[in-house]
Structure formats: structure tokens, C-alpha cells
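Please find one structure pasted underneath; my questions will follow.
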Amino acid sequence: MIVVMKPTATEEELQRVLERVDALGLEAHLSSGESHTIIGLIGDTGRISRNAFEVMPGVERVVRIAEPFKLANREFHPKDTIIQVGDVTIGGDQIVIMAGPCSVESRSQLLEIAHAVKEAGAHILRGGAFKPRSSPYSFQGLGEEGLKYLAEAREIYGMPIITEVMAPEEVDLVASYADILQIGARNMQNYRLLQAVGKQDKPVFLKRGLSGTLQELLMSAEYVMANGNPNVMVVERGIRTYETYTRNTFDINAIPALKQLTHLPVIGDPSHGTGKWRLVAPVAKAAIAAGADGLMIEVHPRPAEAFSDGAQSLKPKRFQALMDDLRILTAALGRSL
Amino acid sequence: MIVVMKPTATEEELQRVLERVDALGLEAHLSSGESHTIIGLIGDTGRISRNAFEVMPGVERVVRIAEPFKLANREFHPKDTIIQVGDVTIGGDQIVIMAGPCSVESRSQLLEIAHAVKEAGAHILRGGAFKPRSSPYSFQGLGEEGLKYLAEAREIYGMPIITEVMAPEEVDLVASYADILQIGARNMQNYRLLQAVGKQDKPVFLKRGLSGTLQELLMSAEYVMANGNPNVMVVERGIRTYETYTRNTFDINAIPALKQLTHLPVIGDPSHGTGKWRLVAPVAKAAIAAGADGLMIEVHPRPAEAFSDGAQSLKPKRFQALMDDLRILTAALGRSL
Amino acid sequence: MIVVMKPTATEEELQRVLERVDALGLEAHLSSGESHTIIGLIGDTGRISRNAFEVMPGVERVVRIAEPFKLANREFHPKDTIIQVGDVTIGGDQIVIMAGPCSVESRSQLLEIAHAVKEAGAHILRGGAFKPRSSPYSFQGLGEEGLKYLAEAREIYGMPIITEVMAPEEVDLVASYADILQIGARNMQNYRLLQAVGKQDKPVFLKRGLSGTLQELLMSAEYVMANGNPNVMVVERGIRTYETYTRNTFDINAIPALKQLTHLPVIGDPSHGTGKWRLVAPVAKAAIAAGADGLMIEVHPRPAEAFSDGAQSLKPKRFQALMDDLRILTAALGRSL
Amino acid sequence: MIVVMKPTATEEELQRVLERVDALGLEAHLSSGESHTIIGLIGDTGRISRNAFEVMPGVERVVRIAEPFKLANREFHPKDTIIQVGDVTIGGDQIVIMAGPCSVESRSQLLEIAHAVKEAGAHILRGGAFKPRSSPYSFQGLGEEGLKYLAEAREIYGMPIITEVMAPEEVDLVASYADILQIGARNMQNYRLLQAVGKQDKPVFLKRGLSGTLQELLMSAEYVMANGNPNVMVVERGIRTYETYTRNTFDINAIPALKQLTHLPVIGDPSHGTGKWRLVAPVAKAAIAAGADGLMIEVHPRPAEAFSDGAQSLKPKRFQALMDDLRILTAALGRSL
């Protein structure tokens, strides 16, 4: 941590800062520049808030040097985390595709889509049973009934299943069915929920919030890990910007940046990242070209009748075509599908 | 709802849209312009998703006309909602000031601050007992112990208390102590939590999310109201933008916009809205001048030692000076403090 | 400037950084923390780019300490800049109101509006003769004809005039008519234009760009000042954010922040800052309550017929009512109108 | 254009809207829904501002249906625009790579880099002679001297050259040397400059502004085209968002969205789009996978000594490696390099 004094700071103000450094059990290194004096703090500054110095008279600003995430930090854990879910390996050479409907709408709808995505080569089946909806009047998901259909589809098609969990008290129920627990974008900083999924042992699929920074996303991963669960995937799913042509702005930079910052698997969600099915395939390919370890893609045979997210769902035939393209692309990139 | 056809749409594509309109029990009004045909849908379109038409061949876009919030909508409920909390009336002529520390740190800290803000004229005491923190390694609040100190301060100083609740399963506990339940910005779209506070009867202080739109904020208020609790305050606390000089960008437009869109009381939080104590007083005045019904302000006697948010906390003397200024300002605006 | 080494930096990498510091004629102060070594650079670092160190092996990041603006910086020039335009004093105790139509549409339109705003108590007449329009097919302004009408209105009503200049080669022409030159938001970083208005002596009204940071705005003011013209006003006119309910988000924090960062007069433009006439009056009051030195407000007697910006224009009667309110408000704030 | 009346609109207010429709020479189609009446306007609404109706009593909002750009619109011009620059074809099957230093710093620096990028397979040489810099104290470019070095490099290496032009009065000079004129992001809405490059015949490389929407970018292209120059490339170079880890957020969605909206060639600039050299190669590949027609990439042999943008410049060896990867990637995508 570095404390920068104002050009106008008095000797007395500087002295008081040095006393506080001492009181906190840290050591101070002073450098006096042309206009500013800066103080480097030596010791365990992780437990000190910037605020301890920022509000002192004569202080201009405080710069934190060390990244605040540790368990998720590649600097301290250079080796890639590999997550094994049944037969599927996430975070290795193989690109993992999770596909399925936004919402589980009925048994037949789910089985139809599960069949289609399995045929096309998807590895994991997705489907929402508990749905976070911005309107209280919208379809809220089938609940446990939806979980049962997902479990049935897993049996029939031999694919692990991933589904969202929305509240701490629902974690046990959802984890009793699902192979991977999804934390939705609006819950990226729902800390009670992060703690709850950290205390059980199903892998966690953690979506970046609509205005979450990369550092905040990794701090939320840290919450899960600090509670005991090391198996976290971090997911770029588009951020909220001023651009309204697309539903969100898929932050492609986040893919290689996260790969460099953390050892956790990095997944892209081009369905939410664009909100428009015509953009899903090109952005899916882009995410893979940028280094993503997998994709989550929404598929629906009759998008116009989907209970949610139809505008961004691919029809099975288009999903199949995307999988064919991805097979060639991943080979060119030295990975497999 | 309006469906806009592409200039290149075929007669057959148009026909298929009209058939769906019919199948959904709606009526269609056609207008054919120079390049686009548009179809106005007549009937109860609230239950239809845009998506039902957006993905059909030949459709360019779908425009929703009616605002999706009803209970919170001033158009249908022109009269201001007044919330009574003990002796304090929120949403009327009087400006209501809620003040106190970010975190309840100890019994003596809380009582000292409660005393100071009461002296200065604040109406309601704030203080966090359950703290949402971006790092799992930061101070997480005193929990129920903090609630007890708040209740004690209420007894001593005769001020209602407001504190945050973070999870559905903690609502009963927090509501058994607090007079107002605060939903934090990161939980604006934590729907389980909104449902839970909607099902009890303490008033709800609902903060706008970091990237929440005004419409989403009102939809979240609608969640609480649709679950049975009509007493909701909506709170502007700064949004996340590209500007990094301040912690957040206080959206002053939101104050009069919300007053026009909804009948619920509108509160401003200049502490989080700026993140810098030097900006708190000017922005507090601005919020009142723009029409806010109240303010929430963080106060701490020793900001440098605050467990959280010290950089944006006012010292009691500065808070007192702000209250003096507000007294003159509210009088000039025809309101009282 | 501070160079932060990576935890994994080798002694050799550190040595190479120190050699470069030496080669650049600077002195280095070393502090070695738990995980990072930091190097404080002493000397004239203003001329050095961060980049000189950022790309060196072993370097984690480079932090610039000193603000890059000097002439505009209140730290070095604590006294408020006062700009005198005819009888009007900008930047003193008096709040200055600039009002008029978005575009000068005709002689009679301008004179009608000039009469109305003068009656209401405005100090300076605004009106666009050269109009930056996002479509090449929209009305582009009356050009020099518009400037002549503005000059005529100045004669008749005794008010200084402000109008926009769009290109370096038009500066002489516009300056030969106008009392204040306006630089539009889209030209905040049009450096040739900033240089050109810096080389003449009419005061400059510099609007913040749609995504301009406070620091960039002040750097653009610095461009004008470094070219010889010290009379610059900086203007908050709303920034572009994700919120679409309003045309822009008026950054109220910017008003006190700019007042603290610079000695230049700070003006608010609630017309562009909101884009909706129903929000103009409350946000105008907010800007004054937050400490602005003046306002620019668009007025049009028949907004529906305005060639541009009708939706955000006040009718003369509403402008008059706002001026009445502002008279009471400014008195309560210890200023005058 | 569609006018939506408020639920509370009176018959008289509706009548006045219909009269205005008539006065403007348009025809009105009425649809009365449950709560809102909507009016479809038939006729040439392109010349009418939304504002003509938006401010009328009883009107809730006005929705524009037709895209305001025509010459740049793929709907009216389905065939891809192909731009021929010397031997290089832009907008066809071949991916075009433009590479070189951010700034032309000296004759030897430019020739060294030109040699390197030519060897690696780049098609066009970039280099800035007139540099827009946010500080008036930074290096502003070599000016005409830089143009001469670029022209010399073109002779030696047989590559067309692209360089930025900053002001209308410099267009003739720059166009007398350059093969392609670059409009920088900060000048995307410098309309005088757009008009000036529209009136000459060198192709134009138009960068998206930091907060430019896709529609605004295409309207700016329309400015150039409406002034007579059909040869415009539109360039995604990263937008400004709340994320600070990267210099900008490369909007990957923009690549396929622009390809669908316009027939103009679409180029990606991963150097500015990321601001970090470690992210340039992955994002370059992503842009190509998403369908870009070309890339602009900054290259410098000694980034730490670069006068500008060193942090985002690739060393020649890394650029060479990227070109090798792109060769495999473009083949897998059915294109060539």
C-alpha cells in the first residue's frame, strides 16, 4: 500500500501518518519527490482498509498494490484448475459446451432439446428451474418439477446438468439434483448465496454481474473458495454499457484477462452476451478464439414460443451448424471439442 | 405492443404474424408506411413477451408501450404514498434525514454517533449489522449483537432505526429489531429477498442497483408490493459509470424522474453516491433541491478508524453544519426539516 | 511516478528498471514490501510517459502521482478565476444564467426569445448558428446569418451572446460576432479547435464530452490555456451511461468536484443533462445547490416546432417560473441571481 | 414513426396531434389499445424530428421506425462494398492487416518497423504523423516530416499507407501523401472533418468514438458518403465502460452487428480495444473469428521507448507469431490472409 501526500501537506500531517503506520504495526519507506511525498507501507497490509489513511489531513490518495484475491489468483497458483464433472473435464484442452433451454418449460420440451443438443455434441445440459425474472408477473420457473425433468434428461442422455440456484435456503434442494450450480449475474454479489454454495461440494458456475469488474468477479469467486469449495468457473456473459443495439456488451477482453489473472476455468455465454440470436454464433467463435474454456448457449426449437430469452436462443439446426464450425475452429487453435 | 415488420418482409411473413396475434387472443391494427408495415396489438399484452414476435421471420422489432410496473406507477395511483414510522412521516412535506455509521462497530461507537445525529436533528438512525462486503476477508458486521445496540439506541434517543437485511432467512430476525428494512444496492434484483420483505410489514428502503435502470428499480419495488407490502421507499445512491474520480455517479435526474414515475417516497444517499466526504454536503443539498423526500447520510466521529466507508463519512460537526444549511434550504423550497 | 514490480520480478529485472530511471535523469527510491518492491521516481516525471516503464519485464504497473493539468489546477492557483463579459461577471458570487434557443431559426424567433429571457432576468443570450447534428440530413444552422441575428439581439437587449464554433477555420468569423465561444461536447477533444480558441481572446465555454472524465475535461481546458487564453468555463452537460430514460445522466458530483479541482468557473447545462423539459427545473436547482456558478438553459416558445432539442426546451413562462424559484434559492445559499 | 398517446390523453389532445400530422403532409393510422392509443405516421418521416410530436400535450413517446442511415444501410445496398487501395482489396474474402507504430518517431524507426511488418505479411503500413494527445505537453507528432517518411516507406516496401488527419484544413496535405485517411475516435462526430474527407476521394478509415453507438458510427459514415465519398471502413476500437482493468472494452458484438447493418468493410483495432499488449493477440483472433474484414495493430520494436501507446504495442516477433496464428485461423474460417 502506498500513501501519497498532498503537495501542500505539512510536516505535522506527515508525522501523524507515520505514527498511524507505526500504530498499525507496519513499516514506512519515505520518498520525497518534486511535489509529492510518498510513503510505501511494508507489512501485512491486506487487513488494512485504504480508508485508514485516505481521510487523514494532508493525504492525497492511497494506492493498493497487491490484488485482494488470493485463492483465485494465478500469481500464487500458476497451474490451471481442472474441474471434473462426471465424464466431462472443464478447464483442460477440450472446449466444453453447455447447452439447453433458458427455462425448463415442460418434460417434453426439455427432452426434445436435450436430445437435440446431445446429437449436436454438447457435453452438459443447461435449463432453468428457478428463474430470476425482473417482473413479478413473469413466469418464475417450474421449481422442483423442473429439477426432476433435468435429472430425467441426465439419465436418458448421459449428460451432466447445470441449473441456477437463487437463494441460500434452496442450495441443498438444487444441489441434490444438479451436477453444477449456477449463480446468476444478478447474484454475483449476493454474499449469503456465495457462502452457501461455498459450503457444499458441487462445482459452481459464477456469472459476472451486469456491472461487475473483473476484480469483483474474482473476489466473488474468492468468497466461494474461502468457504471451502475450490471448483469455481468464472463466466463472461456481457456487461451493461451505453450501447443499446445489443442486450449486453460481451466483454471479449475479459476472456484472456481472466485467463491471465486466475487459474479457474473461464466460460463465455454469447446468448446473454448479445441478446440476439443472429450474433450468437460469431461471438461464440470469438470467445473460443480468445481462449475461453467453454461456452454456454441457449437452444430452443421454437424461440417465438419460449417462456424466456427466445430472442437469443438458437434453433437446434443452427446450434448444430455452430458446433460443426467450432469443431474446425478448435482444431485450428490446437484444442478439441 | 407494436410489431414493426422489415421493409423486406413478405406477405406470407406478415400473415404468419397476424395468425399468432389471433392465436394469442389479441387484435391487430395494421398501418403500412413508406418502407415498414407496423402492427398495433390490442388486448392484454402485459402477459405476452416481446419475444413472442421478435424472433418471427420478417419482424424487425417489437416495441412495448405500457410500463410494466402497475402498483408502483403514479399514472394509476396519482397520490403520494406516505409511510409512517413511529413519529416520523416519510413522503410528506417534511424532509426526513436518516443518519448514522456505515457499520455498527461497538455499543459505545453507536451510542456516541446516535447522540450526535439526534442532536443535529436527524430523524432516523441508520447502522449496518449485517454487512455485504466485496471481500470475504473484510469485517462482516456484528450481526444480531449490532441489532441489539441499534434497538438500545432507539430506546435512549427515541429514533426509529433502519438496518440492512441480506438474505430471506434473516428477514424475521432483522424485522424483529428494525423499524425499516434496507435492501442494499447489490441485492436490488435478489428476487427471493424482495419476496421475503414483501411478505412482512416493516417498510422497505430499496436501493437502486449499481447498474439498475429506473424501470428495473420500480419493477423491484413492484416485487415487494405484489407480495403484499405497499410501504416502499426508492433510493438513488449513485450508479456505476466510466467516471472514476468518484466512487459512483449520483444520478440527480433520477430524483425528479422517480417522483414523476412513481408515488413512492424518493430518498437520496449522497454518501454512496459520491464516495468522498468533501462532495457529500453539496450533493445532499442538490438532492433536496431536485425534490428528494429525504436523505441517508453516513456519519462517523473518526472516519480514519471506521471499519467501512470512512472516506465518505461526515464527522458530527460537519453533519451538524449540513443540517443547518438544509434547514435554510428546505425553507426556501417550501418544505421543512 | 511510482513503479510497482511484480512479486516474481528478478533482481536483474529490477536492475534494468533502475538503469532506465538513471538514463532518464531521475532518481529512484526503493521500498521492498512483503510481496512487491516499489520504486518512487524523483525528478521531473511530467515529461515521461508511464509506458516508459510499464512494458519492462518484471513491472506490474506504474502509478502517476501528480495531476497532469497545471494551469487549470486549483492546487497551484487557489484563487477563483473571474471572467468579465461586458457587464456580466462569471465565477463570482452572482449566478449567471445563459438562455435562448438551441438553434437560431429566424430573426423573429430569436428576437422573441431574447425578449422573453431578458424579461425573465437571464444575463447572456445563447443560440446556435453552426449546429453539429448527428445526421447529415438534419438542419445544420443558419451560419453567418444566425450570427448577425445574435449580434442584433445583443444590441437591442443589451445582453452578451454565446454561440458554438465547430472548426478551427471558423473561429475568426464566430469570434467577430460572439462574446463567448462555445465548444460542444463532441468537440471536447478536438485539439486543433482547442488550440485555435486558445489563440484568440474571447472567453471559452468548454462542454464536457459525452464520455469525458473530469481529468480529460481539465486537460482540454489546459489546451486552451496553454495556447494563451486563461478565460475558460468548464461545463457539466450530462454524460452517457447505461440509463436510457434520460438523454444523458447529469453528473451532479462533477459540480463540487470541479470546484475543488480547478479555479475556473463551473457551469451546469440541465437541458442537455436531462433531455426532458420536465426534469430541467429540478436539475437546474440541484446544480445551483451543489455550487455551480451558472446555468445554460434552452428556451423556445413553441418547442414542438423547434428545429432541434425541442423536447428539452422550456417555454418562456416556465423559464420565468424557474428564474423566480432560483432567486429564492440563490438567496438561501448566500449567492445572488 | 409512431406516436404513443398517454392513457390519460384527452380527445382534444389526440385531435391536435392528428392536425399536426396533417399539417406536415403525412397520413395517420390510429390503433386504440387497452390503455394507449397509438398513431402510425405514413409518409416521408425522415425529415421530421421526433420532437415535433414528443412535446405535445397528451403524447407519451415517439418511436422512430426507419434507421436514419440510408447510404450505409445494408437493407438498401445488400452487396458488400469492396475498397481497392493499390494492390490491396478491403472488404472481400481476404483479411487485411494494417500494422505499424502508433507514432512515426523518426525515419529510421519507421523504416525498421515497416520492414518488420512487411516481412510478417502485413498489407498496409500505419503510422501517426499528426497525433491527437490528451495533454498539450505531450509529443504531438512529426507533422509533414512524418508524412514524408511514410511515403518513403511506401516506395521501399510497396505497401499503401494509412495515417490520421485531425482537421479540415489539413485534409489536402494529408491526402497528398496518404492512401487511406484515418479519422480518430475523438473525431467521430467532428462533422466539419467528416464533410472534408467526404469531399475528397481517398478511402476513409472511420473509428468508432469512445461512447459512439453503432447507429452514430453509421450516421458518421453517412456524413462522409453523403458528401460524395463511398469508400468508408468502419472500425471497432473499444468503447468506454466502467471496467478499468483494460483501457477500453472491445465490443466484439459490434463486429457481426455492423456486418449485418452495413455493407461497408468492418475492421477491428485490438491495440486500442485492449490497451494491453498481452491481450492484443487473443482479441485480434476473436475479431477475425467474429467476422471482421481486417485488423489494425500497433507494432514497435522497443515499446518502452515508444513516444505513445507502448503498453499496447506488439514487438515484431510477437506480431510475426500472431500473423502465423492468423494464417491458420483464417483458413479454418474459409478466408485468407
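The chains carry the letters A, B, C and D, assigned in the order they are written, with residues numbered from 1 in each.
Heads up, the rule we're going with is that a contact is a pair of C-beta atoms (placed from the backbone, for glycine too) under 8 Å apart; a residue touches a chain by one contact, two chains touch by 3 or more.
Only a predicted model underlies this, so the values are computations on that prediction, with no experimental measurement involved.
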item	value
Chain D against chain C, contact positions shared by both copies (same if over half, else different)	same
Remotest chain, chain C as reference, centres from CA atoms	A
Gap in Å, rounded to a whole number, between the CA centres of chain D and chain B	38
Computed distance of Cα centres, chain B from chain A, in Å	26
Contacts with two or more other chains, residues of chain A listed in rising order	211, 240-242, 244
Residues on chain B engaged by chain D in the complex (per definition of touch)	2, 4, 6-8, 29-36, 38, 40-45, 60, 63, 65-66, 75, 211, 240-242, 244
Chain B partner contacts - residues on chain C that touch it in the complex	211, 213-215, 239, 241-246, 249-257, 260, 273-274, 276, 278-279, 282-283, 285-291, 328-329, 331-333
Residues on chain C engaged by chain D in the complex (per definition of touch)	20, 46-47, 49-56, 68, 132-138, 166-170, 186-187, 189-193, 209-211, 216, 219-220, 222-223, 226-227, 240, 277, 303-311, 313
